[in-house]
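The same chain A turns up in both complexes below, where it pairs with chain B and then with chain C.
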Partner chain A sequence: MDLAILGAGAVGRAVAALAGEYGHRVTALADSSSASIDRNGLDVDAALARKRNSGAVGEDVPESVLEAEYDTLVEATPTTLGDAEPGYSHVVDALERDRHVVLANKGPVAERYDDVMAAAADSEGDVRFEATVGGAIPAIATLEGLGPEHVSAARGVLNGTANFILTRMATEGLAYEHVLAEAQDLGVAEADPSFDVDGTDAALKGVILANVLHDGGFTLADARIEGIEDFPVNALDVAAEDGNTIRLIGEVASGRVRVGPRLVPDNDALAVSGTMNIVQYDTEHAGRMNISGRGAGGEETASAVLADVDRLGC
Partner chain B sequence: MDDEHGGVTQSHTVRLELDDEPGELLRALEPIAENGGNLLSIFHERGSVTPRGRIPVEIDLEAAPQQFDRIIQALRENGINVIRAGTTHYDEEISVLLIGHLIDQDLSDTIEQIEANSPASVVDLSLAGETNSDRVSSGRFRLALEAGRLEETLSAVREIADRKDLRFVEPLVGEA
Partner chain C sequence: MDLAILGAGAVGRAVAALAGEYGHRVTALADSSSASIDRNGLDVDAALARKRNSGAVGEDVPESVLEAEYDTLVEATPTTLGDAEPGYSHVVDALERDRHVVLANKGPVAERYDDVMAAAADSEGDVRFEATVGGAIPAIATLEGLGPEHVSAARGVLNGTANFILTRMATEGLAYEHVLAEAQDLGVAEADPSFDVDGTDAALKGVILANVLHDGGFTLADARIEGIEDFPVNALDVAAEDGNTIRLIGEVASGRVRVGPRLVPDNDALAVSGTMNIVQYDTEHAGRMNISGRGAGGEETASAVLADVDRLGC
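Let's turn to the complex of A and B:
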């Protein structure tokens, strides 16, 4: 399949680099300021080298990617809230051209799910968004496989940065600020970690799960969100006294989405360590189901994008 | 909610066994009203009779601690069989955390508020951090509650936490 990739951050670059291995061809690649387009297939290595050296992937303007030759648009620009632009318009533009869309950008399916699905209904193309929840974890495909009507609740550890911070605080007894700085040094936390630690990122993922579970209707405004900013290490100490720890849990249950620090038994499946993520479903006929794995990272997230491309077939 | 009646009003459950005779229930209720208790509900299990041929009755009422003591005393003086007083039958225990400026004086108020405004009883408390300073400390409250009253309990404690500007950490609970 021919792929056009919008966004040349860690995920977009990894999709471009791995596409060939998955049997696909990249015909367009854009970052925020430039694009490289070749209907016969890009030299991905050359484009990525150009980006490393000069900061630009090519000579074309980013908007031209949407008009290029491709079967599937990979939307991997940064997640934006509210109107989810420009990602949302990219999605609609590709669907109007009857192309498929695979999202790594959470904005369109968290903030404008119903609009995106309406555009997909009018298109020959389909929309998939596995990479938006739990990185490499097949959270959406599993939910679709189980059948959303047979799943009563979804919850999980959906942000690796927050989980890393809570895990380190609990095991090392270190203060929040200390562990956050350490996470930034290790590249686990971004320079501006707000969305990770204030719960927004986990909430976006919870909202996306809610939209799949309930066939739409949810936006970030429907989520109750509490983060872990300035969390005191003594809270983890008292929790440990009766065999509990604290995890930032995103939960979709009883038609509500909520994110917040929760007491979790040390030996609970949800008490994953470090940057790991886990998604848990309560199923109607088969009890609880857990899938854990890497929730972030360029190649990890790209593997979910490329799995979606395979699901689109053709 | 003042000390005039001997402390803050709390809810209590009183379990009685009444003789199956006319007027027995009324005789059991009079001491509650006479001593300033506020009757919340009566569960009169007419269908189930104890081995001694008595009828179990469960009464929920609100009263300040001293009022409650007088009510129980009056019931016993009236010859009513008080099987259990003040302790609700609890089916489960959960832990919750409250985080913030849990200075000692406020801590006892927090406990009173939980007991007065939620269906749960505080059965254990553990603190970490300096509770008499400006630093943030954490309290683990072990709550006992009746089956089916978890949601109600958690939302009541959350309200108290919001009012007191405390962070509230709920347990992850649900069917496994």
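Let's turn to the complex of A and C:
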């Protein structure tokens, strides 16, 4: 397939770099200020080298990507809240041209799921968004396979940065601020980690799962959110005395989305360590199902994007 | 879709009972000695009541199911080794009629995978076999989604009976024979548990995973198998001293299939408890992925069969 990629952050760059190995061709690639377009297939290595050297992937304007020749638009621009722009308009533009869309950007399917699905219903193109929940983990494909109507609840550890911080606090007995600084040094936490530690990122993923489970109707405004900022290390010590630990759990159950620190037994499936993510489904006929793996990373998330590309048309 | 179900054990009966809820119709159902056929859709409740009361689902001969009207044959007769008959002939018969086949029977895809795939290549029908590995766990669909060419190894706890026995031995300090008797009382182990405890069942699942990973070429004869019969409880005690435990692990790596008791850290993803199963994939671009859930049970395995039915045609 021919891919047009909007966004040249870690995920967009990794999709571009891996596309050939997955049997696809990149005909357009844009960062926030420029684009490189070639209907016969880009020289991806050259475009990424330009990005490293000059900060720009090419000399076209980013918007020109939407008018390029492609089968599938990969929307990997940064997640935005509220109207989810400009990602939302990119998605609708591609669908109106009867092209497929694969999202790594959480905004459109968290904040405007119903609008996106309405646009997809009027299009020959499909929309997929595996990479928006749990990074490499096939959370959405598994839920589709189980059949959302046979799943009563979804929950999980949906943010690796918060999980890394809680894990280190518990194992080392160190205070929140200290571990956050360490995580920033290691590149596990961003300079501004707000969305990771205040629960917003996990809530966006919970909202997306809720939309798949309930066929739409949820936005971030529907989520009850509590984060781990300044979480007291002694609460972890107290939990440990009884063989428990604390995890930031996002949960969709009884038609509600909630995110907050929860007590979890040490040997529970949800007690994953470090930057690992896990998604758990309660099913009607098959009990509880767990999927765990790497929840972030450019190449990991790109592999979920490219798995989605392979699922298009099914 | 119209389903013809061969086999009325726990899995076949559960597929028949749940088919309507999944939007399908059962037009034929056979046990080992009889069949019930209705091209307008069976009264499944009545057929299962006859089975409970008289031991026979109906008054037709089992073979008549193959000539019935159906879209998908569900092959849920008992797994047999070697020539995998009669399951293998059922599969080929349905494919020659250009019908789809969904297997719960491990034999044909463990012992004659290449022959089955050759028959599928000549047919308008597809073959799927999610239920043969890990019960409810979507092990095959996940592997297909990752792309077998991007997965370097697969391993897991693939037999719930053996895992239940090892878990109870470790937590209670009881001897193998004692725990096996307990498992038989609870219905977790069969009267003849040979294939569960000698590693054969786990090896069949490992062989099936190897066939998907390597596009065929494996049979049970290619597996190196060690079971847990008379496994010494003191080996579990020694492991526990260092924070480890023992699990019967099936592994496909470097083109080989091996099953045997392995040392696993207590907090490792592979250290699932009781009758749980887990499948783990090492991927090229997304690290390690784990899927765990119920590895057996009629309804659980039926849900995997019905998920396969929904995947047909993709």
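We take it that the second predicted complex is superposed on the first by the 312 of 314 C-alpha atoms of A that agree within 3 Å, B and C clash if a C-alpha of one lies under 4 Å from a C-alpha of the other, contacts with A are read in each partner's own complex, and residues count from 1 in each chain.
Going forward, contacts are C-beta pairs under 8 Å (C-beta built on N, C-alpha and C of every residue); 3 or more make two chains touch, one makes a residue touch a chain.
What you see is a predicted model, and the numbers here were worked out from it, not measured in a lab.
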Greater chain A contact set [chain C / chain B]: C
Partner chain(s) touched by A:1 [first = chain B, second = chain C, both, neither]: neither
Which of chain B and chain C A:136 touches, first, second, both or neither: second
First, second, both or neither for A:288, with chain B first and chain C second: both
Which superposed partner A:299 touches (first chain B, second chain C, both, neither): second
Partner chain(s) touched by A:307 [first = chain B, second = chain C, both, neither]: second
Which superposed partner A:18 touches (first chain B, second chain C, both, neither): second
Partner chain(s) touched by A:145 [first = chain B, second = chain C, both, neither]: second
First, second, both or neither for A:241, with chain B first and chain C second: first
Partner chain in contact with A:153 - chain B first, chain C second, else both or neither: first
Common interface positions of chain A, toward chain B and toward chain C: 287-288
Touch list for chain C against partner chain A, complex: 18, 22, 135-138, 141-142, 145-147, 150, 266-267, 269, 273, 283, 285-294, 297, 299-300, 302-304, 307, 310-311, 314
Contact footprint of chain B on chain A as seen in their complex: 153, 155, 226, 230-232, 234-235, 237-239, 241-242, 244, 246-247, 249, 253, 260-265, 268, 270, 282, 287-288
Complex interface listing, chain B residues touching chain A: 95-97, 99, 126-129, 136-140, 142, 167, 169-172, 174-176
